[in-house]
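This structure is in structure tokens; I'll ask about it shortly.
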Amino acid sequence: MSIPLFLIFAALTVASALVVIIHRNPIYCALGLVSTLFLLALLFLGLEAHMVAVLQIIVYAGAIVVLFLFVIMLLNLQVEERAMVPRPLIAVAAAGGILLGALVLVGIAQTPLAAPVPVHADYGGTEPLAERLFTTYLLPFELTSLLLLVAIVGAVVVGKRRA
Amino acid sequence: MALDVAIACLKAVVMLLIALQVMAMGVYFERKVSAIIQDRIGANRAAILGFAGQGIVNTLVADPLKFLLKEDVRPAGADRFLHTLAPLAAVIPALGAFAVIPFGDVLEIGGRTINLQAASLDVGILYILAMASLGVYGVVLAGWASNNRWSLLGGIRGSAQMISYEIAMGLALIGVVVTYDTLDLQEMARRQGELIWGWLPAWGILSQPLAFLILFAAGIAESKRIPFDLPESESELVSGFFTEYSGAKHLMFMMSDFVEVVLVAALVTTLFFGGWQVPYLGREGFHFPWGTAIALPSLVVAILQILSFSVKLVFFTWLQIVIRWTLPRFRYDQLMRLGWKGLLPLSLLNVVVSAALVLLREGRT
Amino acid sequence: MTPISWYLALSAVLFAIGTVGVLTRRNLIVVFMAIELLLNAVNLSFVALARGLGSMDGQVIVFFVMAVAAAEAAVGLAIMLQLYRLRETLNADEVTTLRW
């Protein structure tokens, strides 16, 4: 992905992420999350990961955040008086976050990364992903399906109205 | 480089034009076909200089003008940003999904071979599923932003219905993907040009009839048309989740409704009825099975294919409109039961049987 | 072509934003959204490095992360539904005791 395009998308992603954590209305936070996830999908496209980008939109932006919105609407969550912790704690948390980010950024800056390896035309498509998924990573795949089953049953059982 | 971008834009414009023209036809059919089915004439009074065109002026000129010129009402207490965002969130994914629908084979002009598909993604069909998932936001936000209990109810019901039928739609699509061994819609349309037993075009309906029925039903449910229109239910919830919208925003919701009708028609056409395929028409002209061959220039072939695609689109749009005015609507629990306990197991069965047949076919050759 | 380390830098920034979100917000659902931000930052990191190394393994891991995040979101939101029914609030400062 060309540098100017990356910078635009990166700036928008950071802005959306800030909306998620700063805005007082939970619905706007959810919309900020959708925006962040969509922009991340575009960044994945720039990294030639087509399948993962589309899956990101279908699963994350199209299902998980809809679930969030559902719950917010079902519970009719309004803007709260005390949306965030007291001011001093916010300052400490922000300082901690900045410190964490700075540490990781310094680590990244000091690690020499080789130029991206040229990849074959099919990279990021369905077939290579499926080939990996069903050969090398078959066991995690099957376990994930089991995990999803457990999650479905668990969500139904936990969310039921106790008569 | 700039020429490539220009060609891509032109293809997108052509696809949008086809989609929007068929949508306009759909709007007109809605009025006229409903009138014919209900044994009346339909709206035909509005006229320009005496020309009323059997109701065309009324439906396609006067009605949109009325919507656009109406006052834009925003209910008190409604969130202004969300209220404005919801119609956009409904229309944009619906129109965006047309990017991967092929409207012709190739056009060979000036030494270039132009693939007549606005965006040739290698994950074509998944892009349509992604746009369908994003379409839920319009409903959810419209219901919430109206500050109205009935709209909220319509919005929640609508989005629950949409995500339920997305699953059946996705699984039906898997059956098709397994049969054609590709995710790209243009490849699927091309493969349907092959002839079985030398004379029968191998359209998708012959190899995946169950997937066609499931996809058609799930598609109608996705676009919240009758018989699945409880979120909108004109006789119960006024207009359901878009009750509090007037003027241009209401027009955008109705537009998204009809655009999704055309999208379902386009999907069904491309996957099961050959898309742009005209039987026995190849890139160089007609090749009839009894030996006659008519050579045609590439431009004529492309135009014939675009015409064929448009005719099929119009047919399936008309079919959905007839279905709308014929069937009563499902009750909400019947709707959910059909989606989860009816279409989902059927589409799983379809996937298993398709996969088994593909394995058998490949094992034999 | 942007250097891969720039993608990693963006991932680090998103991760930091997510951490601050988890620490400062009191509404449990928004905290959950910040956790999703964390997971996505890591996804970006995986995809970027996968591209840098030319291997598909990173994308497979992203696939699994998405599946696990979906499962976690479903169960977590069910828990929050039940919590709201019992306590009438989702403010983290007010759900501090296990029993009344």
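So that you can tell them apart, the chains are marked A, B and C in the order they are listed, and the count of residues begins at 1 in each.
Note that a residue touches a chain if its C-beta (ideal position, glycine included) is under 8 Å from a C-beta of that chain, and two chains touch if they have at least 3 such contacts.
Just so it is clear, the structure is predicted and the values come from calculations on it, not from any experiment.
Chain contacts in this assembly form an open path, with each chain touching only its neighbours along a single line.
For the criterion of most C-beta pairs in contact, the winning chain pair is A-C. Between the CA-based centres of chain B and chain C the separation comes to 34 Å, rounded to the whole angstrom. If you average the CA atoms of chain A and of chain C, the two centres end up 6 Å from each other.
Inter-chain spacing, taken between the CA centroids of chain A and chain B, is 30 Å.
Looking at chain C, one finds that none of its residues touch two or more other chains. Of all residues in chain A, those that touch two or more other chains are 51, 55, 63, 74.
Residue ranges of chain C in contact with chain A, taken from their complex: 1-10, 12-21, 23-27, 29-30, 32-34, 36-37, 40, 43-44, 47-48, 50-54, 56-57, 59-60, 62-64, 66-75, 77-82, 84-85, 90-91, 93.
Interface residues of chain B, counted against chain A in their complex, comprise 79, 82, 85, 121-123, 126-127, 129-130, 132-134, 136-137, 140, 143-144, 152, 155-156, 159-160, 163, 183. Contact residues on chain A toward chain C in their complex (touch as defined above): 1-3, 6, 10, 13-14, 17-18, 20-21, 26, 29-30, 33, 36-37, 40, 43-44, 46-49, 51-52, 55-56, 59-60, 63-64, 67-68, 71-72, 74-75, 77, 80, 82-85, 89-90, 93-94, 96-98, 100-101, 104-105, 108-109, 111, 113-114, 116-119, 123-124, 128-129, 131-133, 136-137, 140, 144, 147-148, 150-152, 154-156, 158-159, 161.
Chain A contributes residues 25, 27, 31, 34, 50-51, 54-55, 57-58, 61-63, 66, 69-70, 73-74, 125-126 to its touches with chain B in the complex.
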